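One structure coming up, written as structure tokens, with questions to follow.
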Amino acid sequence: MFVRNAWYVAAQSEEITHALTQRWIIGEPLVVYRTRAGEVVALDDRCPHRRASLSKGSLVGDDVQCGYHGITFDCSGACVHVPGQERIPPAMRTRKYPVIERWNWIWVWMGDAEADESLLPAFQYNDSPGWKAVGGVLQVNANYQLLSDNLLDLTHETYVHGKTIGNSAIVETPMEYEVKGNEVHIKRIIHDAPPPPLFKRVRNFEGNIDRWQVIRFQVPAHISIDARGYPAGSDDMARALRWFSMNSITPIDERRSMYYWTITRCFDLENEELSQLIYDKILATFLEDVEVIEAQQVLIETDRRGLIDTSVRADSGSISARRIIQRLSEAEAAADAGVTA
Amino acid sequence: MFVRNAWYVAAQSEEITHALTQRWIIGEPLVVYRTRAGEVVALDDRCPHRRASLSKGSLVGDDVQCGYHGITFDCSGACVHVPGQERIPPAMRTRKYPVIERWNWIWVWMGDAEADESLLPAFQYNDSPGWKAVGGVLQVNANYQLLSDNLLDLTHETYVHGKTIGNSAIVETPMEYEVKGNEVHIKRIIHDAPPPPLFKRVRNFEGNIDRWQVIRFQVPAHISIDARGYPAGSDDMARALRWFSMNSITPIDERRSMYYWTITRCFDLENEELSQLIYDKILATFLEDVEVIEAQQVLIETDRRGLIDTSVRADSGSISARRIIQRLSEAEAAADAGVTA
Amino acid sequence: MFVRNAWYVAAQSEEITHALTQRWIIGEPLVVYRTRAGEVVALDDRCPHRRASLSKGSLVGDDVQCGYHGITFDCSGACVHVPGQERIPPAMRTRKYPVIERWNWIWVWMGDAEADESLLPAFQYNDSPGWKAVGGVLQVNANYQLLSDNLLDLTHETYVHGKTIGNSAIVETPMEYEVKGNEVHIKRIIHDAPPPPLFKRVRNFEGNIDRWQVIRFQVPAHISIDARGYPAGSDDMARALRWFSMNSITPIDERRSMYYWTITRCFDLENEELSQLIYDKILATFLEDVEVIEAQQVLIETDRRGLIDTSVRADSGSISARRIIQRLSEAEAAADAGVTA
């Protein structure tokens, strides 16, 4: 179940150069490259001639030449050359996907409707003055919504991430949540509790902290977490930990996903040792999630009895997010079928 | 095609400790562990919350804590703790499977009906005074009934196991068979024939032997073989080879099986060199079967023409066993559908 | 989509000895072997008893003994022995496939209709006085028709094989094509153009050449290419390059194929260094095709939108070949269904 009229991260900016790269998004293959002027282009990777993979071809200037029979397409997807004949068949074009490169990631609009820039998630702190981001991308062999669920219920940190960002204070503190249009907002404020190991190490907290987790879900699977830790009872940002965990899950297909992530902080920006520490520890943290979620995917796929999930209070956010995705996806399917509500 | 109301071997006793272990039986995942008091517990491995794998969680005393969100179940499958809330949803329980640990194996009842201890197969010689067992377990990438078939027609020993337990005397001697309720009994008594290589080596037979093969099939795939070799014309047990080959096939799913086996003998019990010899040679023998049967599985799976097997006299036992499984399986399906015969 | 009433290459002659070998053709497993007298036999590899793999059994004289229960078949597929019983069930026979060994390849007729030797393709130059062949076989993970398409539109040489047999002269020269019954004939004659790298190296052309590509497609996927290069304006065979590229694609199943190929030349026959050069360069050339075609197979298999190929003039030959295969295949399906046209 995918929402097509949405932005998906296709790559980190640094991954795309003046060379053809293949990417899969919601089951579709794309060829992605950067023009000589630096603009990023995303086209359907299937050559309309015989479905050869354009990404195995070559760049001729800023045009893509299919590596099989030499049919050539420009940045708009229009065919500009068919070897051996003058006439270009009208159907000989490959789909161009709208692209926005922003905040160090490359966003692709997969829908048929006009690309709506306002639907880009609020990930500006990935690349803003006063903020320092570290991050990466992981392939996860699981449905993308299992990864969304994971990020929308942080009680799992207590059980999965006890070595880094989890402790029992999280699960003991209820969260508030609110659905706003197609967004879900979740907030948990933990008062006067011990810091988890990584927080303690990063900011040398000597006593308890007040910890904030402010989560925002945007369609289809963009989840930002405003994470804060203050010395308990204080609001002194100079001694606080504050970072955003910015997460965007791109489905490769129904069973595999690319997990793009950053941690972007607003303190001690020049400290490269600290950047490396955060990168290492958060990567280890996410790899713990991957192990749990890939096992979950296996048990879901093999479930022939169709078990119904039994929910608890902490699931409120993820259930709301799934409802939004289901509603939008069904609306798109109805529109495809020519039904108007 | 599986019979659910039956006992399946989930593990050898030594494999299960006070630690969570995953096992698959007839397509279902189980988490199996031993309490501190030593009792074996088997629960549905799918956490009822979000189908995470309980076997990736941890033991808290004798309770299973899901490694994802910390929901905790006791040995009965009842939920005893949902982190962050007092109320435990009534549906929050995981299925408990009846377990019997006996004769060094752990038996699990997979059915909905009440567990019927009288359906345990007669495998007592795996652990009886005066008997010494060696054995192990193999994964075989084939349907479990192909392994039953194998054990119910020992003429294959002549062609597959000429190095150990087979020779032409087997195939030249017809077998008798009888169906008794849900059991199949097969008997072949070979008179005055050369011993196969392993028999000769184990008991130093100098001349011909009388060889017995008395096979008993119990549902779903428990096959014991009372194997004997006497010096021809003698009934002197002191010079005889006698062992039981105890076999139990547990389907992982329709295409993969776990093959539990022992050879348990009633002579020369303390001879460890002999125990090792028997283990090595019988393992090698079963690996010959695995090669044949996995190739057979491939040719069955790829058969788009739906070839009908052509049977011979020696198939009588395996055909009867398959009919029993089919009848019981269909009766269970009818019961599921609410049909009464 | 397969045509059954056709010849398929099962092996190169040298691959088949007096030993059992498994081969898959259009989804069917065969056991292939050579009798002591040297005749090649091809039988259905599924033992009619329990679908064990006959190719895992053994040869007893010229008969095949199943390695599982010893049931034995002669070269005609008739059962000659069932261990343990006198009576041979009438259905106990395995299908014999007609075989012709010719021109160093072993051809098997997969159809129900009588084998029609006249449908063997004209591949005699693989083994004729005055000709010297080099060749081999590759497994390609793609549908066989993608390989036929490849060989029927040589404009791809310009883009895929620029290091060996391709250059821009090919794509600039239109081809002529003609359908003759179930054959497709394609001709391209390039006048006064630079030789491609391999041609230049093989015949030391100093200037431009006239190049011939005369292609003949025969059912189901036999493609011969009469390739010639003359010094431009000359018809002096003594200075010319002339070889046949003989290609036969055998589907393993719908997604995998065996690609049998030779290059057979009529000049400099004794030059073994030249033979090795041609073998190495043509193998490298075909591996370039394999990379392109296997990627194409992935994009076709994953295409859920069912894109319609957009054709160009150079596709005329391959489209005609596909139409022939479709027509014959549909006629066979209609005949199977008892429909007469």
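The chains carry the letters A, B and C, assigned in the order they are written, with residues numbered from 1 in each.
Heads up, the rule we're going with is that a contact is a pair of C-beta atoms (placed from the backbone, for glycine too) under 8 Å apart; a residue touches a chain by one contact, two chains touch by 3 or more.
Just so we're clear, the structure is a prediction, and the values are computed from it rather than from any experiment.
*Asks:* Which chains are in contact with both chain A and chain B?
*Replies:* C
*Asks:* Rounded to the nearest 5 degrees, how far is chain B rotated relative to chain C when their C-alpha atoms are superposed?
*Replies:* C-alpha superposition angle, chain B on chain C: 120 degrees.
*Asks:* Looking at where chain A touches chain C, is over half of the residue numbers used by both copies, so same, or under half, so different?
*Replies:* different
*Asks:* Quick check: how many Å separate the C-alpha centres of chain A and chain C?
*Replies:* Roughly 47 Å, centre to centre.
*Asks:* Where in chain C do residues touch two or more of the other chains?
*Replies:* Within chain C, no residue contacts more than one other chain.
*Asks:* Would you mind writing out the residues of chain C in touch with chain B in their complex?
*Replies:* Touch residues, chain C against chain B: 27, 29, 45-46, 48-53, 56-57, 65-71, 82-85, 89, 91-92.
*Asks:* Enumerate the contact residues on chain C facing chain A in the complex.
*Replies:* Residue list for chain C touching chain A: 149, 153, 155-156, 158-160, 171-174, 291-292, 295-296, 298-300, 302-304, 307-315.
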